[in-house]
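Attaching a single structure in structure tokens format; questions to follow.
Each chain gets a letter, A, B, C and D, in the order it is written, and its residues are counted from 1.
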Amino acid sequence: MGEIGIGIVGGGYMGKAHSVAMAAVGAVFDTALRPRLEMICATSDSSAERYRMAYGFARGTADWRVLVADPQVQAVVIASPQETHRAIAEAAFALGKPVFCEKPLGADLADSRAMVAAARASRCINMVGFNYIRTPASQYARALLAAGEIGQVTWFRGEHTEDFDADPDKPASWRNFGAANGTMGDLAPHMVNAALALIGPIARLNADIATVYTTRPGAEGKQVNDDIGQFMCRFTNGAMGHLSFSRVATGRKMGYQYEVTGTKGAIRFDQEDQNALWLYRADDPPGQRGFRKILTGPEHPDYLPFCQGPGHGTGYQDQIIIEARDFLHAIHTKTPVWPTFDDGMEVNRVIAAAHASHASGTWIDL
Amino acid sequence: MGEIGIGIVGGGYMGKAHSVAMAAVGAVFDTALRPRLEMICATSDSSAERYRMAYGFARGTADWRVLVADPQVQAVVIASPQETHRAIAEAAFALGKPVFCEKPLGADLADSRAMVAAARASRCINMVGFNYIRTPASQYARALLAAGEIGQVTWFRGEHTEDFDADPDKPASWRNFGAANGTMGDLAPHMVNAALALIGPIARLNADIATVYTTRPGAEGKQVNDDIGQFMCRFTNGAMGHLSFSRVATGRKMGYQYEVTGTKGAIRFDQEDQNALWLYRADDPPGQRGFRKILTGPEHPDYLPFCQGPGHGTGYQDQIIIEARDFLHAIHTKTPVWPTFDDGMEVNRVIAAAHASHASGTWIDL
Amino acid sequence: MGEIGIGIVGGGYMGKAHSVAMAAVGAVFDTALRPRLEMICATSDSSAERYRMAYGFARGTADWRVLVADPQVQAVVIASPQETHRAIAEAAFALGKPVFCEKPLGADLADSRAMVAAARASRCINMVGFNYIRTPASQYARALLAAGEIGQVTWFRGEHTEDFDADPDKPASWRNFGAANGTMGDLAPHMVNAALALIGPIARLNADIATVYTTRPGAEGKQVNDDIGQFMCRFTNGAMGHLSFSRVATGRKMGYQYEVTGTKGAIRFDQEDQNALWLYRADDPPGQRGFRKILTGPEHPDYLPFCQGPGHGTGYQDQIIIEARDFLHAIHTKTPVWPTFDDGMEVNRVIAAAHASHASGTWIDL
Amino acid sequence: MGEIGIGIVGGGYMGKAHSVAMAAVGAVFDTALRPRLEMICATSDSSAERYRMAYGFARGTADWRVLVADPQVQAVVIASPQETHRAIAEAAFALGKPVFCEKPLGADLADSRAMVAAARASRCINMVGFNYIRTPASQYARALLAAGEIGQVTWFRGEHTEDFDADPDKPASWRNFGAANGTMGDLAPHMVNAALALIGPIARLNADIATVYTTRPGAEGKQVNDDIGQFMCRFTNGAMGHLSFSRVATGRKMGYQYEVTGTKGAIRFDQEDQNALWLYRADDPPGQRGFRKILTGPEHPDYLPFCQGPGHGTGYQDQIIIEARDFLHAIHTKTPVWPTFDDGMEVNRVIAAAHASHASGTWIDL
């Protein structure tokens, strides 16, 4: 059983999530490689020290270059703002260190392309953190689709909708400015990634994007980014699709949901009830056909190993622990695991196409 | 309490539904005007006689002109194929008789326009049968939206999806040929009507339409009509929208469902559980916000008057009875009731625009 | 196609329901025997006349003896208060007329026994109106259980809960006085009937009954009847069971629901979503087991014949129409149909045992 | 920030759960006291070593006496079979060490009484692990009830049902023998604890208990313990209640569910969808009343602190982490936290009364 020194850039929301995951993953999965919480980087020395103590790291720093360069840091987790992803990843790859990068991969398509190039050149393990797809339910959906259990897919509908900005009187924050922080930049990647993982590549799309609340307290005179977006698409396998995204979907808390129709069945999923997958089989006996609510359990992929039976339930933190497990496994076995930077770049490519389609009012081929 | 002689053109599925409704509506609602089942028209004398006896009509005929012209027939219900709607309606209006016409109004936009013109010229009561919107739940949704209970609407998503043609091996029927019988012609009108009724006029749209199964047993060498369609839209009030339609949606039996997002709340409805409306209020106390499942009952519009309490449940037949009630009331009071032929034509107009958009690959203004 | 003159005793809630059903049943089912709305009886001449006109009867009366004795009345529907059931039924049977009696059969067990004796002596068709069990979902549940589809039943839980008396400040009505009008007398019969129909006879039970609100506005100094009740039981087939009943179940509108566990599967039903039956099959493939939500449709018993597909939905009125169909069919074929007066008496017997158990604090054998 | 050496007795299912929780709790909650994984005890040296490495403990042992006595072990977590609980706890208390004991507290009521006595004598922190009650949803339900948000409670129904023994052909295991391992001993404590926590003390009860499958492969000639049980009860506050328990509830995976009716509202919960609490408020506007599905989030108790918004979801592991947090907090502040050994003993007392009631067929006062 080896050990590996982990450096995490970013101590906020996702930085904490990854810190907790690295603290727990060894005990949960008895991983061959055990993470050592070596260094955490934050925006100041004081916050770095605060995070260090809270999460249990050996050292803290306010300079990500120090973290990346430190010889005790043998793998880097990037959980800092999108515009910093590229430089950190390039620096790590230059030193031959594996990188796990939070979604979206780059702040834009150009950044993502550069990151993929750097990853390839370095031959280092690289991975992107689309955490919601990590539920046993979604992993089982992937497996069912890959096995053709519902036949040929003819239709996909997915959405990622939340309501954290649904109140027009909520003061503007950093989330309301900059293309990368809008709904298309921040929320859309999750469901685009799901669509690609579940159905396959998108051939062409046609998009509409809008800012619902063009003014907010504190946003006077500034350009507010997009609140809502949608696109129709055709997948390369011929299926028709629709994806939509919103941060002003009043009442939706974690509306990461999708439905897949096939010639022999259908699948439905809603992250707001993440321990269930709904499956319809057209070959059930007549009179007994209906969507069945499957509660995820030990028969399904990525179910926590210490839950004996189904129904115990997994949650947000477990998704991050699964990512940590896969990242450590990839490093240990020197074998890439999905989703790599290539997968992350493909998501950026789709979103760039959506912006282009919205601007032109026409279909865009990918 | 007056009486009115009813003639129904068509004895099949919808003809029966309207016959049953006319037999029951007086007792259910104690209507001022009582229907007398005067004459039914079918495609042959023998089937007309069969329907006459089964449904309790006084007379039958195989010629709709006889029915329309009969002096004892004082109001006409059209439940025959779409391509016959126009001629029957025009003949009835020419004789000054009120007409209730099953959806879609005309087989195409030209027919619908002519029918509206004839209706206007005659000043006769005219009404279209979009039955699914008649549930107490959907009528309450309309009332909530009209009263601004969820604020300004920002997003609408609706679908009408079924799976009666989901099996690729199902032999072709008349439903698989002709533009009017495809998914856009047959299913789409229901949900387009709902969108217009709930949100208001559509300003522009962008559509995609497809035939999923281009061949079927019995369809060799013939052009098979559309199985699936969708469009993105903007309503004139600024809301963004999406509608989709399918007859190959494996697992969906009556997927007439919609969700409406507003600045202060949201509404969800699914015809597969037609006795419930889901309402989210953003002004509920913090920690207690969530979609509430309202079971329709006497507080809601169009609930059956002899059900004392909520939860007793209404069904398909009740929707048709409500239509009969409104048609009789309109005739009695000489006051048009929604939806009139104008409303029906607007639905045709939207669907024509969807076809045009699909053909051109661009947005179409309405 | 023959005709039969129907007399209905009672013009209120259930009287109206049965009037509507008799007006519609011929058109819906093309019954061999067609009902003629001959006479309705109410508590005064004026209300009888009012009901006559509203429901479309030929004649009205304020004296049920006149109705029962009238030669044009060939079958009697009893929809008057419980304490009148026995005398009316006995009079009708004495004249050889078939009787449909609303639940509960008699006001007490003695009445029910006398009614069964009279029915047997007359050899007339007799039937009891437990309408909720008439949904296609519950009829399919019966069929599945009878066919052993979920194996040997080991557990049954049923409840009938509503909240029409949940507000302590609601003034007292006739429902709050008299043993027959309490929860055990009025609501319990529905679910007891369901338990007997689905699982079979009850061997013994142990009950608890309570009045939650012993005082109400307008009830001062009077004894208020029971609001809530429950019993544990063992069925003769060995299954364990539990039934509960309440009219103060805040939030429950039509909480007629049950779940049945078997060795090979399970069934769940909730009348608040009456168009669905939930079925679990233990022999589904591993990883794909779950309760499936079956939407009732043409494959299921008692689905309305003019609904082409599943999902159209049935409602309260349809349940009453099904009862009318079965009553007419029984008369026409001279063959008893479930539930007969014997079935109704068995329900009274169980409820009497529950009262006895509550009084003694011990198990009662039936 | 202090540190505390943790010793865990038992390395299997629950031992692992607590090990993972202790590894993660510091990073998740930034606890004042940080656990150090000091020693784990298993049934043999080899399995102790295996668990030690897998979970990250400093040392392992096959003798719980060694673990309890070790000076580096400053707090003891008991996750071993029920019959061992008493001796371990007594030994730990004798040395003045805090004890967290998995449910049920003792193997029987006598053991529990002795454990409570030992805990009181030692004045050590003591706590019992009823983990399912730890969801934010159930903690919020407790808060709502304590605040009287749904008025006076009139009815409680709870069940804990699973199907791990529903297959009659499943070979017998240790779970099938011995009173403490049956459904009343193993599953019932969870829901009894919930009832006591949500509603308050039980005044009297009346129970029925059964073994559904009296024979199993491998159980020949041996007495098989109980599969299923239920009791009716009255709480000291006057509410009526019903609890049921089963390990043969085909289709139920984690059927830990309850519903509470009050004079002003109602609450429903189902652990199979553990991130939702259903609340009905009778004071909602007429026409808008219904159970609302509240997704737990930061507004609710015990929501994971690093999840920004609602809907992210908690799972089984998070419940155990919350227990670890509370245990550490109690030790640090020297303040007992619910549920203490007294609470655990009360659960045993109720279950003992249920057995007594079943044996006598009568109500038992507590």
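What we mean here is this: a residue touches a chain if its C-beta (ideal position, glycine included) is under 8 Å from a C-beta of that chain, and two chains touch if they have at least 3 such contacts.
Owing to the predicted nature of the structure, the values given are computational and were not obtained by experimental measurement.
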Chain pair showing more contacts of the two, A-D and A-C: A-D
Chain separated most widely from chain A, comparing mean CA positions: C
Centroid distance [mean C-alpha coordinates] between chain B and chain A, Å: 42
Averaged-CA centre spacing for the pair chain C and chain A, given as whole angstrom: 54
Intercentroid distance (Cα basis), chain D paired with chain A, Å: 34
Junction residues of chain D - those touching two or more other chains: 252, 276, 289-291, 295
Sites on chain B touched by chain A in the complex: 150, 154-155, 157, 166-168, 206, 208, 210, 212, 228, 230-232, 234, 240, 242, 244, 246, 248-252, 261-266, 280, 282, 289-291, 361-363
Parts of chain A lying in touch with chain C, wherever the complex brings them together: 140, 276, 278-279, 281, 284, 286-295, 299-300
Chain C-touching residues of chain B, taken from the complex the two chains share: 1, 13, 16-17, 19-20, 23-24, 26-28, 30, 34, 53-56, 162, 164, 252-255, 271-276, 295, 297, 304, 306-318
